[in-house]
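Below you will find the structure I want to go over with you.
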């Protein structure tokens, strides 16, 4: 069907960008946060308003400027982008609420700056989701990198500085050192950067060159945290928890994965990957990351670091799903973007709520916390279920599709990897929940005064936990979107 | 051999300017005293001027000022009778430029001297390092 | 540094000498430089501009733009020396010295005090001061007017003999510089103040550029002196002739003013004191 | 009217410079408005020229009405119109920003300062537009002499640095003059196109080869191309900040333009790339320039000095891009010329603000700047992102073309050098940002949230406005890259490179 020309994608990107001057100029925190909320809600509504058209199978396009021959600064909303944008924009609302509770609860400094860059980062995220070509994608990717830097280093101390360095080293080093030349090379080979369902790279290119190109993209988009370029993610956990939650469970890392999905499916195309056996190679790299990250997560004591390694593992599921090159696998990967987002953000919110209420970061100090903060820990349990992939957590669905995909692709070793990793996930999450609820009161080191975190902290995590549950029973919008996305990819190949 | 000799004899003017120019360049690079450097710079510029002026020379020609009351109706002016005026014009400009450069260079040298009380470059650099 | 310099010099020299072998021989009337552009100047200058001195006509007319910028370079150097060296006079209390004009007696006034005697009989003086040499002073007094007259001649006669604005301007400037050398800076400054020399230099260039702009206003190209025809007698060719003269006067003024200006700032490190 | 543009372009600022000088003696208050009017006027004229060129109206202007090669003529084509616009924009914007600094540092010398400032811009404009090789030399010297004087005005070792600049600059200019003389002696002409017409039968002559070499060496000396760059960092560091932000963006760029002009118009691309076959060697020199410039910048602990080494590296970008000898490389070089002028302006203006507020730009004066001077630092970030090459700032697009050119030309050394320098720029700038963001440690903690941070004030509005105009210009320029390339630069690409 004909693509629709529409300004909506641009609006969706700009709405948070436009709110930044207002945030800077307003002195009252209440006004500032009201604006943040307003922008978040508006953004979600705009994204939502595009959903029907996308579900009909149409694409919304908005061309801004022709910057290079054959390359425009162009936004395009397709099913996959829609899926991601829905997740990101809906979670911005909850995170905004959570941020207010968290930042005020801890009396953090520089809150105006914080909300500004948060809004910028969200703009960039939506921009990535709606990019029509590699150039636009790269633009927003870089914008996100630099907008996140002040958030990661929010505390402005030596530790934050160190993490900030690591963050830049991996993210910017990857994007300039690897993605940029890869992009130029791709442009040189094909004369375009426009995404297309079949991929735009010519099939005639030398296999070695294409292989090198693929891995330049794979490791260059370091936000996806595929080993060995994962080390920035645990380091970046020095950030305030809402930042970790939204950016490092949803926006930043998912942007990385999303970029890799785009590269695999719409730059190379499934046929090309299959014919060069590159899919399998990527799949094994992802598989290694999954297992290794889960094993490392087992050894962690600091809750946020554990979550970080868990994230690294989960991200590679998505890459793995795409690399299977089978329809079901692809679908699994795409749905996992949503499922993991809701599950993981719940977990991060819980970690933050615990920190606000008790000041504790380490698991060893949290024994018995379930009795003091029952709501929080219940939500934690649901989130964990979703991540592990046990019904009624939404994560079950995505894992189901991934397993199907592995079967479809005849990749039994990968099937084993998925299952083993699920066991490992359970192995690092369940003890936490167990120790939270089922230890004697004598083992608790927590003072008696501890109770639930402020309402602004608790309400969002309850909401996200509930959504995780709901998604198991009613995954329709995401399933439909993913199916549509897969259809355009596979349909193009004539299957 | 004769060939080489002829080459030199016919073009000795260029050799002279090159020699002068290299003297200037050497002074610019190797001399330690700032004023000597400026002198070298001037020699360098003058060498270029000499080069240009020597382009304009024509054997058997006179200065490019047409005789007064030249009877143009009967006799066309023959360019070969007068030396080429263009290099002279250009070099007037170049001379003025070199004077201007010299003026500014001297002004700045005075500033340098006033600031460091010496014109020897190594001493100035030593002072800068020590401060 | 010395060895490096030697190396560079030898290298550059070798490259330059390498090229000379393809040069036309010295004084060759058949060289391309003598055959391509310049013949037209020689053959047509008299006809087109009525100026027999071809150097002048090329300098100020055919390649008048170069010369305008050349004058600007001089002007810029003057401004540059002023900008860098001139010390603005500050009224700080300090011991001052005065000389009685008639007797030559000197007085020293302590920090910022005032003299009660009639001021016109005294002139301020600086500590660095050498007495004038009578013979030099007088000889120069007689020389200077002739030098200046010669300078004016060189400017005015540039169309017909070697000379022109630059040469004449330098001679005029030198006359004032001679005055400062033979007497002292203050005497020269009294004859021609700093402001005067600066404005001379400015307006000299302004005459040149203004003439060009005038041509533009009259509907011709910039510096096309033909445009001055309605303003000057003698037809379009003579308009060029007169235009050249006008511009030469401007150049002379600019060069004279700037030479004096630069000299003063260089000689007194921008203080404009009595001695040099 | 528009046929007078080339004359007006030069006449307006030249006359204004004279009026400024005169008004310095008669009515000092008029100096700045006059300068502003002059540069504003030439900005309008240069934009007019650009639009003429885009609309395909040729602009040849015969001075004195004499036809070439006897007279001097100015010629506007796509390339020169673009560079003219850049020069006049930079000159104009920087002039606005210069005022507070001039009033603070040398109020009594405003008149000669503005005179020389306007003359400097005049010289550069003339160099870009002229079609006569010797006229270019005279204009070069105008720009040079005013530049020397303006630089020597700085504090500390500025006069010494300026003197070194004079020595090197004079050698460079004399080499240029000598090269023109060599061309004159075998062609008899000084007009660029006339020389180009006469040269082809003489390609075998040693004189042409040597003329080419010394011309290039002279121009490289003037632009600070790597082994010949020694004068540049000192001169640009110690100059007063309004001067550095004028000279650093413009002088090197215009010299790059002169290099391109010489190769394109005088020697022709065929000669430079096919007869001499120097491409590879020069590109490798550029690689060394980029790498060395970046590495030397790493060693500096003064923001301004660091920027000067970045300028050295950026010169390598442009020279290398041009000598790649293919279409993308050429477009990249020209685009980078435009972009880099604005990026350098933005960075030097920002540093100028820091110097204005803090007295110097050493690392010691950086801590807490994000708090005390958020606007200045914000613009610095934009400029830095552009140098690094982050879209949508313009730096990305020229880098893109350069990278593409490197790939198309198979010159992977150049590719690697470009990426290396981008990465080094990240390090360079984020070191600065880290210091000014994180330090002093502890200032941002505690319940008061660091209200009692380091003292300091934002620069005056008169400096911030031009700074932010430039910073936004970087983004706009980036978004309009397609237009610029399509309408202007594409037409300047010589036929051989297509």
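Some observations on this one:
Chains here go by letter, A, B, C and D, matching the order in which they are written, and residues are numbered from 1 within each.
Simple rule for what comes next: a residue touches a chain if its C-beta (ideal position, glycine included) is under 8 Å from a C-beta of that chain, and two chains touch if they have at least 3 such contacts.
Since we're looking at a predicted model, the values are computed, not measured.
Just to note, of B-D and A-D, the chains joined by more C-beta pairs in contact are A-D.
With centres computed as the average of Cα coordinates, no chain lies farther from subunit C than A. Once the centre of each chain is set as its mean CA position, subunit B and subunit D turn out to be 29 Å apart. Chain centres here are Cα averages; for subunit A and subunit B they lie 70 Å apart. Rounded to whole angstrom units, the spacing between the C-alpha centres of subunit A and subunit D is 43. In this assembly, the C-alpha centroid of subunit C lies 32 Å from the C-alpha centroid of subunit D.
Annotation for subunit D: residues 134, 138, 141, 145, 148-149, 152, 159, 178, 184-185, 190 touch two or more other chains. Shown for subunit B are the residues in touch with two or more other chains, namely 25, 55, 86-87, 90, 93, 97, 100-101, 104, 107-108, 111. Residues of subunit C in contact with at least two other chains: 16, 21, 23, 31, 33-34, 37-38, 41, 63, 66, 70, 73, 76-77, 80-81, 84.
According to the touch criterion at the top of this document, the contacting chain pairs are A-D, B-C, B-D, C-D.
Note for the complex: subunit B touches subunit D at residues 25, 28, 34, 37, 41, 44-45, 48, 51-52, 55, 86-87, 90, 93-94, 97, 100-101, 104-105, 107-109, 111-112, 115-116, 124, 128.
The part of subunit A that touches subunit D in the complex is made up of residues 64-69, 72-73, 107-110, 135, 138-139, 142-143, 146, 150, 153, 155-158, 160-161, 164-165, 168, 172-173, 176-177, 180-181, 184-185, 187-188. Interface residues of subunit D facing subunit B in the complex, by the touch rule stated above, are 134, 137-138, 141, 144-145, 148-149, 152, 157, 159-160, 162-163, 166-167, 170-171, 174, 177-178, 181, 184-185, 190.
Of all residues in subunit D, those touching subunit C in their complex are 4, 7-8, 11, 14-15, 17-19, 21-22, 25, 61-66, 69-72, 108-109, 112-113, 115-116, 119, 122-123, 126, 132, 134-135, 138-139, 141-142, 145-146, 148-149, 152-153, 159, 178, 182, 184-190, 194, 198, 205-207, 209-211, 213-214.
Those residues of subunit C whose C-beta lies close enough to touch subunit D in the complex are 15-16, 18-19, 21-24, 31-38, 40-41, 61-66, 68-70, 72-73, 75-77, 79-84, 86, 88, 195, 198-199, 202-203, 205-206, 209-210, 212-213, 216, 220-226.
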